[in-house]
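Which chain is which? They are A, B, C and D, in the order written, and residues in each are numbered from 1.
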Amino acid sequence: MSDTAAKPASVHAPLLSVRSLSVEFGSRDSAFRAVKEVSFDVMPGRTLAVVGESGSGKSVTSLAIMRLTDYTGGRIAGGEVLFRRSEQETLDLVKASDSTLREIRGNDIAMIFQEPMTSLNPVFTIGNQISETLTLHEGLNARDARLRAKELLQKVRLPDADKLLDRYPHQLSGGMRQRVMIAMALACNPKLLIADEPTTALDVTIQAQILNIIRDLQQEMGTAVIFITHDMGVVAEMADDVVVMWKGDKVEQGPVREIFAAPQHPYTRALLSAVPRLGSLKGQPLPKRTPVIVMDGGVPKQVGETHVQNTADYAKPILQVDKLTTRFDVGKTFFGRVTHRVHAVEEVSFDIYPGETLALVGESGSGKSTIGRTLQQLIEPTGGTVRFDGRDMAAMSQGERRRLRQEIQYIFQDPFASLDPRHTVGYSIAEPIIVHGLIKDRKAIDRRVQELLEQVGLQPQHAKRYPHEFSGGQRQRVCIARALASDPKLIIADESVSALDVSIQAQIVNLLMELQERRRLSYLFITHDMAVVEKISHRVAVMYLGQIVEIGTRQAVFENPQHSYTRKLLSAVPIADPQRERAETRIEGEIPSPVRPVGQEPAIHRMREVEPGHWVAIEADQLRGAA
Amino acid sequence: AGTITVAVAIDPGSWDPIDTFLVDWSSAANNMFDGLTARGADMKLKPGLATSWEMLDNNSRIRFKLRENVKFHNGEPFNAAAVKFTFDRLLGEEGKKGPQQSNYNTIDKVEVVDDNTVDFVMKQPDPVLLTKLAGYGAMIVPPKYIQEKGEDYFNTHPVGTGPFKFVEYSPKVSLTLEAFPEHWGGAPKLDKVVTRFISEANTQVAELQAGRIDVATLIPFGLAPTVEKSQNLDLISITGPTVVSLRLNTKNGITKDENVRKALIMGIDRDAIIKAVLLGHGKPIASFQSELSFGNDPALKPLPFDLAKAKQMLQQAKVPAGAPVKIDFRGNDATFREVAQAAAGFLQALGLKPSLQPYEPPVLLNDIIPNGKTGEAWHQAWGGWTFDYDNTAYLMYHSGEKWNPYDNDPKLNEMLEKQRTIYNVQEREKLLQEIARYVADRALEIPLYNQNTIYGVNKRVKNFDAPSDRRFRFQETSVE
Amino acid sequence: MAGTQAVPSPSRRRFRSLEFALGVILTGGMCLAVLFSSVLFPDGGESMDLMARLIPPFQNPAHILGTDPLGRDVLARVIVGGKISLTVGILSVLGAVVVGTLVGLIAGYYRGIAEVLLMRFADIQLALPFILIAIMFLAILGTGVDKVIFFMIVAQWVQYARLVRGSVLALRDREFILSARAIGVGNRRIIFTHILPNVLGPIVILMTLNVANNILLESSLTFLGLGVDPLIPSWGGMLADGRTYLQSAWWVSVFPGLAIMFTVLGLNLLGDWLRDLLDPTGQTSK
Amino acid sequence: MAGFILKRLLQAIFVVLAVTLIVSFAIRLSGDPAVMLMGGGGNVTEQDLQNIRQALGLERPFYVQYLSFLQGILVGDFGRSFMGGTPVSTLIAHALPSTLLLAFTSLLVSIALSVPLGVYAAVNRGRWPDQLIRILSLVGLSFPNFWLAIMMVLLFSIVLGILPPSGMEGPESFVMPALTMAIILTATNVRLVRTSMLETLSQQYIMVARSKGLADRVVLYKHALRNSAIPLVTYIGLQFGSLIGGIVIVERVFNWPGMGTLAFDAISGRDYPVLQGTITVLALFIVLINLLVDIAYGLIDPRIRTE
């Protein structure tokens, strides 16, 4: 399709016009082309979303616009980036001199990056880092720059702006840091703001806040925004126009409603088909696998089938958790006396049945992983009992505990970090077999590894590769194969699909469900992604500040959320549907901290049963902190 | 007029004559202090603060006539009381704390006869006492000054009667003296004498080359030609007191056998070593003393270098090929390091298997030698300033002495004891020569050489009487 | 997207790099020459000819690099001298690495008393000026190649232990270690198959630097009079002994100096290369 | 913070105690100062040695000697040199400033050299300036310091005649000793700066700084360098000990009247009080430097400050 065809109705000429932009990495003779002749326009005041799977060239394109690829070893191999600086002056940034570029960067075009944790320089104060831009581009003196910085912080709705100026990045939460980044980017009223996955690393509720801020500011200042993401829900909420990228190419472009309503390119269709949609299982009691479209070398292919996941057997629980409490000592006096504790998990009780998936949801820091790790004996519980197959874990012998590590498996969030970079994946998969002495014969082990690789959709010869030679989705498959290697009964999947692209995510979720059916596996599925939860789980437990505030069947919790926090969580999920009215519910405030001085124990919620199997914590004062 | 700068290796730390044994102390302090006797650069004994002396009471009493109208640098008069004070101090409690007392233990007491006359009452005769009075602990010190200012103050603010007086001392850096015009020997020509402490030989030479010192006392033989060739420098090489030998283990190893020991001596071409390693700055020796030493016998010739004969003797002694010969030496002596390698080269040619073991000097001196832990041979260098064979011979060969861990020869013991009681110069010399011959005959050591004292001197220094014992006296010296 | 992109495998580059080539040529050449020194110079560089002392280099075909003050062939001594220097350099480092790594692994992994002891030990070691202690201890132990090596091991293992402990602390809580534990892998296996390979990179770098350092230390000890038997040629010893001849016969100490330089250079280039090789991800930067 | 300092002080005391104990004990295992004082000259009898030992207090058991040494330290009295009887404190007062001056000058010179070189190499990673700098830094590691020192003396003092070969006089006498030490320090520091700079440059906040339009100089020297400084500062703390060790030799070649010379001579002469004194003071300084390093961490990196 032509570049101009999709241009929205606008009386203005484009602010930024990218024409046939190509970017290469590596030496000239063995160059790798990350972006291939991409063209698109950005209109003043509008938001252009760039979507595409990981590695499709979204970030490189955005860096190339500001010519920041110069610093990453990249090279603009062709094309132009026309930027309309003023009515009269249009500049090709590809050819611009370094000094012109420096004038434009941070002034006319500003950028927000993905990782709020690493975007701010840890050794300078917030104030210093914001003022820097102001003194550079606006020529303000230190005092005026500070005043402006304070205003900016207020604009992004950060409380206590004055004090915040003298804080260092590490003293701020991720959401606050990302807001500082936004303030910094907006400091000089840029005409164009490039936001490269600005909320991917954040919690859903914080994400909702940040999206609101960007939208408000954009309206207020009339800034054009290039919004890069792989979350179709975010796209639906934010964008006016969409550019879809695939393997370095732009494959589709158009107004957001058109793209969602009638995707043209197979990849766009595949992408949209994979997006989990909250509410899609409304009225259905059991989770359901649905087919996904995947791109098989340029051709879309449907994999999987629709299948209701009727696997759970509620006769006798495989795991019973009763009043589990896990605390961490932090803050010690000089003499080693503990002053503060993290009350990560407080009197949590739940059961998991064979063949069942229990989803554990809740925000960052609510104690989900701690529960998982305690069950896996990576952390000693402070109190409570855990029974596996009816046996009390605390009463088990060394040997029994060891066996438990075979029967319960844990899959971590980051598949890359959880594989030893110095061993082949074959070795990693074989390790549980060797350690537990499941198979003695070397050859048989090798065969088993190959079998497992095939089971998770990889090829046997992959066994000889190292983790870094796989893509994220493939690595997660390796981790699953590793977990399966010891023939477990229960798998704890801790944010195991959060780091993956939607399409791969959908495939892995399907894989997990398939395996569940085949092997009667139970899952403790830990995540904060409500849409995935809806798809996979039989029952859901919602955690808040170390305690379960609501637990019940998926249908009950999703369709009849009782606790205010559950409702908040559900409403914060961006809906991948541009037709829908944009959420106007404002979510404010940070999550309170689980750190408490010694002696100040948190109050334990009492639960009431709203319908059979659906328990909700009684909210004493309507949980003001969360609302 | 002018300043002369001399570099010596070590800072003695205290300028009190009774606190040190270091030659480097003398190199500087010989300008500050006088003894009752004195020794010139020619090594001849001459009057110092005493103008004359006579032996009384069958050599058990020596009477000194003192020089009159001599003043210390602080104005205090020099007299018999000062002499008595000096020796009472040396022989008393204060002297006990230092290394000098033992040199003067033969003195019983000093008696004041009158203001200008003192008597030394001896416990036992001491033939080398007059020489000893020319140096070190016997330097006359000012009684009133020391009593008033205290011992500690005196250490770092010395006062004597010498031609130069103390100005400034900066530990580990330098000592500055200035001319004392009222010196009894006449006003010195120089204004100042600066002594700098530089322990690294290369650095001394570099300083000399850069013209920042006038006299360098530490010149490695390897650098001697460099100094020699330099246009503004002179290399002075004179026979000195330092003798070097390889002592042999008479108790263990192949060196137990006297014939083997002789073979080793004959197998090492000492002349070649002197020529190639010392670059000629040394002389062969037959006994462990220099030709300046009392007791040296020019007629005694060292065993000649004869490889064939040596080999044959080893064969006769049934020494197997590749028998080990371990040589222990002071690791910090760069010159000997080379000599030892050369000597080892010759031993190798004899079919033996030499090895060299460097030691930190204190370890070698305190442990390895006295406790008899050496190999077949060990490095012994001696620079006795008294120039008397007794000084080395007794310590080296008398049984029970620290430097003699292995040998016990009653005949040798007897001779060594006897010479200590003889006052008759000729008689004593004869006995000493006999000892030297006896030692050579038993081949107790491989006498290597008498090493020259060498100085690098800037040509602007005039009238520099280079003393072979490095005890400078710059009374007549001047600089351009 | 949080996952890391697959990086093109650098394995092909690994063997072609200039670094590797240079490293192999220098180190390999040096090692070969040293290994075959007894064939090349059966006399071990010990034959002395006092008549032929200090022949300048490139003048006498029998002594291409000239002769030393005792008329020994400099080339022979440089080649033979590599034996002692490399032995001292490599054995001392290996010894220290083995001890240090073990202690560091235990202290870092199990923490507790082992760690406290190690850290206090490290503090003490840090506060002791190395050379001074060397002088004292060699005075007590006596000198000799074995003593020098022993002393260097005693003095340097702490460096490695500290380094390893630091890396282990950083690795301990990494997810792949946790996931190994979650699977039921025992402590010993975790230490040796998961942690150890991951701490090797920085160790290799420190090792190659220390080999150089220790070759030079032997030289400094000789300078201070505490070296090994001067009959056995060593680069350090030649360098120290040759210092008085720098003005008159530079070749006596310059050639052993060059030998050290080439070896150090070669070893470090190889070290860098080896570190990259040990890291299959090819991600650590140099 | 107070707790931290208190803890460090306790550690420091422990370290100094341990160091003095080790040194005092070890030095007594070899060589008798009485014999050293006698130097082998004259007719030394066992009685003479006994007298001297008595005078020096060496006949007492080791623990008594050590305790009285500790007692002395508390009141700032390190005893007197066996050689010459000068109070050790006087000797140290003379020598310490020279050594510290030399150590710090060389550290500064090394930092001034290694930071720009390391940054330059990191920025040009893989290109020839990087290779050159890395190879040069290895060459710097290949020569013993005494050898470098002598070469420098030959060049600057004898051939060119522009610098004094030894001694501590004017500022020009600092050039060669400081440079000798600095070259060796620089060789490792350059690599360190380069590595940590590379690490920092790949961080996102550097890209953020660039996206603000800051000049390269500001990005490198303001945003990147301070973040790369921690490993360098740590290493400098660690280096200080070996720096002092290296100083022993450099001081000897350049006849620098510092602690190295003092300690070395003390070992050679088995001058216990001087050795104990110098080592104590040096150890104290090394501990102090490391304490400063820890404090510097906080100044450099606010994340460490709050803990």
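What we mean here is this: a residue touches a chain if its C-beta (ideal position, glycine included) is under 8 Å from a C-beta of that chain, and two chains touch if they have at least 3 such contacts.
Computed from a predicted structure; not experimentally measured.
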item	value
Reference chain B; chain at largest CA-centroid distance	A
Mean-CA-position distance for chain D and chain B (Å)	37
Cα-centroid distance, chain C relative to chain D, in whole angstrom	22
Separation of chain A from chain D, taking each centre as the mean of its C-alpha atoms, in whole Å	50
Interchain centroid distance [CA atoms averaged], chain A/chain B, Å	86
Per-residue multi-chain contacts in chain D, two or more chains	30-31, 150, 154, 158
Chain C residues counted as touching two or more neighbouring chains	135, 139, 224, 243, 246-247
Numbers and ranges of chain B residues touching at least 2 other chains	202, 332, 360-363
Chains that touch, pairwise	A-C, A-D, B-C, B-D, C-D
Residue ranges of chain A in contact with chain D within the complex	63, 66, 68, 71-72, 101-107, 110-111, 113-115, 118-125, 132-133, 136-137, 168, 170-171, 181, 184, 333-334
Footprint of chain A on chain C - complex, ascending	1-9, 174-176, 178-186, 189, 193-194, 197-198, 278-283
Complex contacts: residues of chain C adjacent to chain B	46-48, 50-51, 53, 69-71, 135, 138-139, 142-144, 224-231, 241, 243-248
Chain D residues within the chain A interface of the complex	3, 6-7, 203-215, 223, 226-227, 300-303, 306
Interface residues, chain B side, partner chain C - complex	201-202, 220, 222-223, 225-226, 269, 272-273, 275-277, 330-334, 337-338, 340-342, 344-345, 348, 354-363
